[in-house]
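Next come two complexes, and both contain chain A; in the first it sits with chain B, in the second with chain C.
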Partner chain A sequence: MAMTALKPGARFKSAVSDAQVMVIKAPAGEHELSCAGVAMLAGADTAPDGVQADAADSGETLIGKRYVNEDESLELLCTKGGAGTLALDGTPLEIKQAKQLPSSD
Partner chain B sequence: MVAAPDPRGGLAAHAPTQAPGEQALAGDYARSLLSSLGIAVSEDLAPAAEHPAIAAARGGLTVLSGCADGPARLCPLPLASCADGALAALAALAGSRRAAFDDLRGSDLLGLRAAFNGLGRNGAIAPGGSCHLLPTADGAIALNLARDDDWDLLPAWLETAVAPDWHAVAAVVAGRTMHDCVERGRELGMAVAPRVPVPSRPPPWVRGIEVWHEAAPPLSAARRPRVVDLSSLWAGPLCSHLLQRAGAEVIKVESTHRPDGARSGPAAFFDWLNAGKRSVALDLRSDPGRRALRALVASADIVIEASRPRALRQLGIDAEALVRARPGLTWISISGYGRAEPQAQWVAFGDDAGVGAGLSELMQRLYGETLFVGDAIADPLTGVHAALAAWAGWCRGGGGLLALALCDVVRHCAGFDRPADAGALHARLQRWQARVERAGLQPQLPAPPRVAEAAAALGADTDAVLATPAHAAC
Partner chain C sequence: MNISTILDMAAEAFGERVGVVCGETRLSYAELRATAYAAAERIKASGAAYVVLLDVSSPAASVAVFAAAYAGVPYVPINYRLTADEINALVERASPAYLITSGELRDKLAPRDDLTVVDRADFLAARAGEDAVPTEVGDDPRAVAVQLFTSGTTGKPKAAILRHENLMSYIVGTVEFAAADEDDAILVTVPPYHIAGISSVLSSTYACRRVVQMPNFDAAGWLRLCRDENVTNAFLVPTMLARIVEHLAATGETPELPRLRALAYGGGKMPLSVIQQAVRLFPNVDFTNAYGLTETSSTIAVLGPDDHRAALQSDDPYVQKRLASVGRATGAVEIQIRDEDDGVLGPDQAGYVFVRGPQVSGEYKQQGSQLDADGWFPTRDRGWLDRDGYLFLEGRADDVIVRGGENISPGEIEDVLLSHPAVADVACVAMPDEQWGEAVAAAVVLKDGAQASADELQALVKGQLRSSRVPQSIVFKDALPYNETGKLLRRLVRQEFATPD
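Up next is the complex of A and B:
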């Protein structure tokens, strides 16, 4: 994935692990999502030959967790867990804290 | 408990003018629950025989079903009697504490929250307001946007910009398929369910995931079991409320960052559910908080939780491993759709689970109206069943990991004594409507019980509980 527009609902998968995400919210313009230092893949794209995870990245992307950038203009939901730290334009994303519980259901 | 034959079990005991057995459905259901737990039943456990339609009219179920400006709609499934039966079964197991259930009727639990909080029927909008039935291109879905953050998921769910209001959501959903809405919504952790029929074969109401087959020696009745309740809202807290009545010591554990959301709801209902429980608040984002949580869980005879399994594993708590390591433990897992994959990832609340179980599809067929049945119906039904499973597990010396799913509990109740076909269902509806009319009973909400005591403030007992060494683990 080169620079691309990120639309809510779009899915991306790691090129080097099982991790998969869905875009919940995204900043305008074109950006690059990466996992373990390698650009993530959209839709049916397959990983280019010979790509390797950043050996220094020991991060883990956890299923069900939401990931945000610093100003929370980007929010991703991890739909499948896997190795590697998620990053937007090279800056690692953080886990967003869990939703507040409703007062009733 | 005596394994005596039930004198009222045979159909011959009933007058031929009445449909066989209907008056005794609650008692039959109580016996069926106990028998599924391997408990021999005595004849005296049956609740007062009350017709299922009368129980539904008196306990709030009927008055909470229907359009706001139309008549209350009787649902011809014995849901209210199942609640009565489940509570009667629990009371029977409570032995000398049985009298603690005298002021409570299972069927009243179905209307209790609405009675406390002033809720009423509202057709395709659930009484609580956050769950709506929405038509899609090929069916209908229940969508529950109970949490404020749920609204943020709509653009990703629908893959288009959508104004954050129900009209805009309904307009987009109308052009989508039921399957796509449900599939994507579940993936996003939204509480969404398809409006589907009641399954032809009811699932079990509880599943033993890790069960200690060589039952440990039954524990001394003299000791009160300690319940550590990690749940929130309604089903789980109702379960621990009922266990408290049965004699348990209950510790309600909440996250300081994410306390039980019901604390910010109407106080009387929260107090009724939670009074008498000790309140422990822990910072679950910190290591000491997580250690304290694990220590509390290790001190429990009964754990109640309503989290997705991965959420607890991420806190360092593995239910399967804990029950394997400690045969005396009873672990109650409450989920929307069970612990198997992929259902373990799906979220449900009480209203959408009732739709997923088939209640709204049934009402659509019978009345041609798009309706919810009751108020968050799966919550009180599951809470009372969970309490029975928990107490039975404790009584036999440890129940292992017992999983209850909101949707399956409703399906199980809906399938109890179910008419064989559509014709028989219609006949039952007419019979039940006539029965209510004959009784001259207007469908009503139960009177909210008197609340004599406030629930403990968040964390009021944290220091005291953490300072007390737990009794030796069994």
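Up next is the complex of A and C:
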């Protein structure tokens, strides 16, 4: 994935692991999402030959966690877990702390 | 964005866990997904533009929500208690349709060329193979996920629209994925066509919490099912909790439900006396009051267990009173109170309740969006926020009694009348009055064998509230008119007092 506009609802998958995400909220303009240092893939795209995960990245992306950038203009939901740290334009994303509500329905 | 992601994630993380139980039927998340996949293919092949459910609560309701989402068409559950004419009028507004029904309900349907009618058992019979993945699941956040007909207590039902982005915002913003323990189970008694019925499927699937369905509520059956299925959580509308409390009082039974941890209630005004008794009967249970509307994708304010305890234990009347509130905005939405001219009101000032947030659709199919330029939705409920943001509701804007220019909330008078030991139920409504324009009238239901005179009840109100609140006319009834989800039909009560004496 080169620089792409990130639209809410769009899905991306890691080129080097099982990780998948859905965009909940996104900043304007074009950006690059990566996982384990490798650009993520949109829709039916397949990984280019020979791509490899950043060997120094021991991170894990966890199903059900939300990932945000520093100003929370980007929010992703991990819909399938996998190896690798998520990053926006090279900056690693953080897990958004959940506000646990009492179950109401 | 697509709500089917919720089921995909549950099946991915906890495929073997039981997701829904109804009678003898138990389906795991993997089975739910395989059934929804297969149903989606048949829905698409039928050419339907809607998936309609005309049925009681069953696993077919859970499957249908997600199958419609995989197929990319709105899910439209219809109130099966309506008359055949009413049902057919709604079906016409949701056609061409793939319609799931069962038994005698099928006989209510008028034949149509653009209907594919499927029996519930057939709908649930087919499962997709291990590797069968639905083709081209849409991800447009603006696509319509659910279309719900409002109960139409004041006219022709409106078709409220909830988009995938509304429902996903609600779930992701208020539920933690896989938050439930393996042994958790929620008992769901609301019908599938109620917003709480839909949000319970979505919330519980996302939390990976087993749903136990109860298609026909009765108090003894509810207590039995809680025990037999080791239920930990339950949601009830006020009339259901009232019946459970009455049942326990009548039988002298002590509820033995050691697993029950949390009871949530909502969907109408909870009489203070009922919640006070319930807290005593279930001392180890956490109570949560949830307030929400169809047009807001369910819950927007919550009075949580800690709020209940704080109110019950406080010496400060201002805090004690919060037991009668619906709690604070969830954090996924903002709430504002406005006056007649859209001016924003401060704490403790009563007016109209407005809400804003990504889960708020505020949209009807024919009438369009009701949001203002800044995204605020007028709920048409009246109420106020206290100094810490606790929301108190006074009733629907249409239910307010205007006596000589003074706005009177029926709720405060009803609370006083319900405090009389002989009064079982009460509704205060406006009645025409030559001098004041409108005056207060009350329909009262007395407890079995109990006595109270109109004079006595009028004196009670006069002693606690201003004289303008005293019901000018009181009638005694055997029961008040409620719809099937426990909403009081004030329109019918008003008819009792339609002509001045």
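List of remarks:
The rule is simple: the second predicted complex is superposed on the first by the 100 of 105 C-alpha atoms of A that agree within 3 Å, B and C clash if a C-alpha of one lies under 4 Å from a C-alpha of the other, contacts with A are read in each partner's own complex, and residues count from 1 in each chain.
The rule is simple: contacts are C-beta pairs under 8 Å (C-beta built on N, C-alpha and C of every residue); 3 or more make two chains touch, one makes a residue touch a chain.
Note that this is a predicted model, so its numbers are computed, not measured.
Looking at the shared chain after the overlay, A:G9 reaches both chain B and chain C. After overlaying the two complexes on the shared chain, residue contacts for A:G64 are found with chain B and with chain C alike.
When the two complexes are overlaid on their common chain A, residue A:L77 makes contact with chain B and with chain C alike. By the touch criterion defined above, A:I95 lies against neither chain B nor chain C after alignment on the C-alpha atoms of chain A. After overlaying the two complexes on the shared chain, residue contacts for A:I24 are found with chain B and with chain C alike. Across the two superposed structures, the residue set of chain A contacted by chain B and also by chain C is 8-10, 22-24, 63-64, 77, 79, 98-105. Against chain A, the residues of chain C that register as touching in their complex are 1-2, 5, 8-9, 12-13, 139-141, 164-165, 168-169, 172, 174-179, 186, 196, 199-200, 203, 207, 209, 233, 235, 262, 264, 266, 286, 288, 290, 292, 298-299, 302, 304-305, 330-331.
For chain B in complex with chain A, the residues that touch the partner chain are 113, 117, 128, 130-131, 144, 146-150, 152-153, 155-161, 184, 187-189, 191, 232-234, 257-265, 285, 308, 310-311, 314, 345, 349-351, 376, 379.
Listed in rising order, the residues of chain A touching chain C in the complex are 8-11, 22-24, 63-66, 77, 79-81, 98-105.
By the touch criterion stated above, chain A contacts chain B in their complex at residues 7-10, 22-25, 62-64, 75, 77, 79, 97-105.
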